[in-house]
């Protein structure tokens, strides 16, 4: 039974079809990589799922419930959490406040001590506990990314959408990041992650979907996809030595 | 050509860069490697006029850059592609590129440079009329690099140019860098994609928590085992340069 | 606990103040209480969301108009009730359609709204009722007006305090920082903004209704005076719009300084007032409260 | 009848558009939300009258002198008053609030000075107010001059912004000042230019208003509000938008006054303004 | 304290009312104080003289500030007398306060049909500028005479400003015109703040009416004049309201004010008025307006004479103003039911002076010039 089902999703910007008749689905607990060249429509697809943009056509359902047509906050309360390709934190709030927001307004709607606990756990998960009372605007870029993930986690989501969350990490940090995500996967979270770092995708995702010019060009096992000629020409480049 | 001596950059009480010195020879490609938050962008930003250093000296062809307002740097042939790209999202791709050619040194021959840039990034030629802000992340990165090239720089400061780019584009960017370098441009690059960078660079500085902790010719650094572990460990998107 | 006791004592003291002051003193008290109420109510919505509203006088004036229209037909308390209801309805209608506007677009929109209401009332009166200008001959003393305004102001601040601790306040702050994040975190933007806007509007409308008997004669050009909107914004910002006591702390001194200037320099009052404004912006950039905090912090460092 | 409405509306609209041009530059490029804008136009109007009455200079020649003087005034205002605010404000929202507050003060300051110098009286001159036949409709010559100035200034601005390097720089600063130094643009200089040019346009608009309208030292707010509505309706910083919105408002007002009820002209102005914003929250030609 | 009399007023120096106040109210207050003090002060019943000391505030054109300032004058400065602000709304706003503090209120610049009611409600208030229907009736009277003489047709185009004043006038004028057999072929109101009158004037021009009537404020009166001139609109009767009697009007009309009718008027041949005009011109720098200025000044003269007769006691003063007869620049004045009824309703520019033409049977009335010479 598919948990997240995307059926014939279309997003049109003027004359440009950024997402063009895309269909695929995720099983509960699955972690899938969403690949594709720059501008192929990955972020747009994430935006469609999370409700940031209304779909021009098609339907998206989560656990049988239709998401298309719902407001962003409703979708969030259905258990969908996301990060942004360009980080968006709440600069005037402290870290703990940042993280508390989805705990309070998310689908579990905690308040008081419970919200505090969820927020603290989420911060601990990404290793920002000591800085809980710092102002979020003072964080480095990478810590802001961490904070953003913590915020997504504090929503206690069922589906996590990551948009290039690993980008910009150096190899050591990358390893840590991969470990973190794999822990999340092991905890049973369903994850759809956009990523350009192929090693990370290989390490985390047994299956990938690949987009090109808005269309789905592959939906298969990672190994197979990465040698798929269509994917190679469109995305990886010919002389990949993998 | 470029001398940085005892540079300290602080944000409030927080010292981002502590007494750092580097030197770049004309025609060289210098790489700066280091963990996140190590202070690489602060270093590059100080040279490019985006960050005000606490103390230290930056000399460019014998001239002190610190007395110069940020907007004068382009006129002296210094072009910065900052973290986050710094493009004009509300303008079209072509307008962004044309803005790159504002310094007097760039005006003459701007048409040829534009052709070169389009040649380097054919996608930009295709999308020249698109509003840059509606382009994907990778496309915007191309605009940023293309715009820097438009200013006919002597020295190009690149802050993580491959961030968020598809492997195929990363390859393109690095092969473009090879070509740019071949034209004699001096380049200072900050990158996480260490392997590809080291393959290109002449000289490397290592930065850790605000201090320069090592430096040497790229060949040497590449074979240094501790560097290998820290920066090349989980071979990242390998590239044949 | 002291946090509660001091304001309560102050409230009691203020309630007895009319016994000790002249008619003019009472007038000052009324004016100050009115602006404290307006600025606090304004900040209730705008302080955290950063939606700078210039629609204050649209509601304030509507309140005054309600009083003028209904004071002969209904008992006083019923008029207030009606005014509140009308303010709420108006705010809900406006809010539903406008709260998606961003930044300066909202600022000018809200200003346009005040003008539109004024023009429509004028047109209606001229063409339908055939009169313009209404009279409020109510037997309400200045003291009664003062007490009502004091109560309304106190209620506004109490409500703000409560909101600051509630989910609503939290949501408002998030909205002020980044609406997209707020929405993706599960906050119903429209509802949160609307609730705050309506609450704020009801208070503004009531304030207009309560003070109007003091002016006897009500006409759109008089009650929809845009200066009220501007003064409200400036007072709230001067004190610190996102703090509980900020608007009050901005309203009182500014009100008194204006009064002092206009009584002592009737000829050159606008010049002084202009200089004062500019001076405040330059010297107290984040509002009085932030300025005081900064000063304290510096003291602490020194000692 | 339709033709009359059309011509009168166009003429009126062009005076509105002219009034709004300067503000859209000041807000668009220098990012100063200038509430004292109307007072600046009044300065232009009063100076024109003074020069006309005291020195007997023809208003058209006076206007040529007033424009650079306005530029200088704007230059100093920006450098002395706005620049420190711009300097200390990192994020955008901050400057908006600061400039609203500071220019609200400036409004009173200028108004006070005008009241002191010229008193509260109505001021008016008669210059070139004979009617001219335009397609059978009689229009005052001074209105046609205002129309001409609007067409010339607006057209030149639109062209310059779209086609010239200077225009590209202006737009770049208007949209993303943070990135401008990267390409060698001196943001401060450009912003100062924008503000000064805006002020020059404001005084020219004021001077041309002085030729056909009675005014007094307390009228500034009226001008500011009209200009604000037009600027916002057209899309902030968008010169073309300001032109279109100004002319649209002129046509609308004239149409409402003739076909519906003059009592509803201002209501219609604000109603259409609100409708436009609801339909296009960024104004008619707003970016994003 | 005893050798001076303190007189306070809070008139608009800034904001929308500043123009009206700056033309009609403030100059006359200043002129009067200057005249009185130069002559040695106000005469008290015992023959002693006391100088006037002025306490002056700006009401910022806001009733909220106005009310508070009156409270200040009464309860803090404890001035002996308070002079009223400019404007109908302002006078109404302070009326209850003046009544409460017992001051007589010489409400001059207030035009309201409810004057009798107000005079009865606040018995120390005096309403001295009539009501809208008075002026409307006067105008209809002038036009009827011309129509009966066959000079103009029976069609009238009328516009009115949408505020209390304009509405009072138009609602008085409509029945009066109808009764006199006129047809209102164009009858619209326009909002306060309108600055462009091209559309309105062009409609009026096309309406076929010989008479153009505007119940307007100065910006409108001036704007309509200029627009009519530039479009060559030459109605046989051209009437505007506030502003038409201002000294700057002929300049605004580009020297072609001859025949323009407006609200108010003075007996331009009266030596007292001529002397007043001269004094005003010398002191202020320009002549007074020919409507409410003289009445404002007259109200102050009444005050001075009343003080001379009964002293400063507010009650006695009010009674004296209400019942006494006074000699002023507008002639002998006696109030009826606390109102000044002996007013000029319509005036006209004739030979460079604004002369009263209605009521036609009153002493000093000039003969109307209709049709108005072309611009």
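Order of writing sets the labels: A, B, C, D and E. Residues in every chain begin at 1.
Heads up, the rule we're going with is that a contact is a pair of C-beta atoms (placed from the backbone, for glycine too) under 8 Å apart; a residue touches a chain by one contact, two chains touch by 3 or more.
The structure displayed is predicted, hence computed values, not measured ones.
J.: Any chains in contact with both chain A and chain E?
T.: Correct list: C.
J.: Farthest chain from chain B, going by the mean of C-alpha atoms per chain?
T.: Taking each chain's C-alpha mean as its centre, the farthest from chain B is E.
J.: Express in whole angstrom the distance between the two chain centres, defined as the mean CA positions of chain A and chain D.
T.: 47
J.: Between chain C and chain D, what is the separation of their C-alpha centroids in Å?
T.: Computed value for the inter-centroid distance: 30 Å.
J.: If you average the CA atoms of chain C and of chain E, how many Å lie between those two points?
T.: 36
J.: Nearest whole angstrom, what separates the Cα centre of chain B from the Cα centre of chain E?
T.: Here the centre of chain E sits 76 Å away from the centre of chain B.
J.: If I count partner chains per residue in chain E, which residues reach a count of at least 2?
T.: If we look for residues of chain E contacting two or more partner chains, we find 13-16, 162, 189, 191.
J.: Note the residues in chain C that touch 2 or more other chains, in rising order.
T.: 119, 122-123, 126-127, 267, 269-270
J.: Can you give me every chain pair that touches, using the contact definition above?
T.: Contact pairs between chains: A-B, A-C, B-D, C-D, C-E, D-E.
J.: Quick one: in the complex, what on chain C touches chain A?
T.: 167, 170-171, 173-174, 176-178, 180-189
J.: Along chain D, where are the residues that touch chain B in the complex?
T.: So the residues of chain D in touch with chain B come to 165, 168-169, 171-172, 175-176, 178-187, 287-288.
J.: Quick one: which bits of chain D touch chain C in the complex? Just the residue numbers, please.
T.: Within the complex, chain D touches chain C at residues 27, 33, 35, 81, 84-85, 88, 93, 96-98, 100-102, 104-113, 115-116, 221, 225, 228-229, 232, 236, 261, 263-264, 266-267, 270-271, 273-274, 277-278, 281-283, 286.
J.: Any idea which chain B residues touch chain D in the complex?
T.: Where chain B meets chain D, its residues are 48-50, 69-75, 79-80, 82, 86-91, 95, 98-100, 102-103, 133, 147, 151.
J.: For chain A, which residues are in contact with chain C within the complex?
T.: Its residues touching chain C are 50-52, 71-74, 76-77, 81-82, 84, 88-93, 100-102, 104-107, 111, 151, 155.
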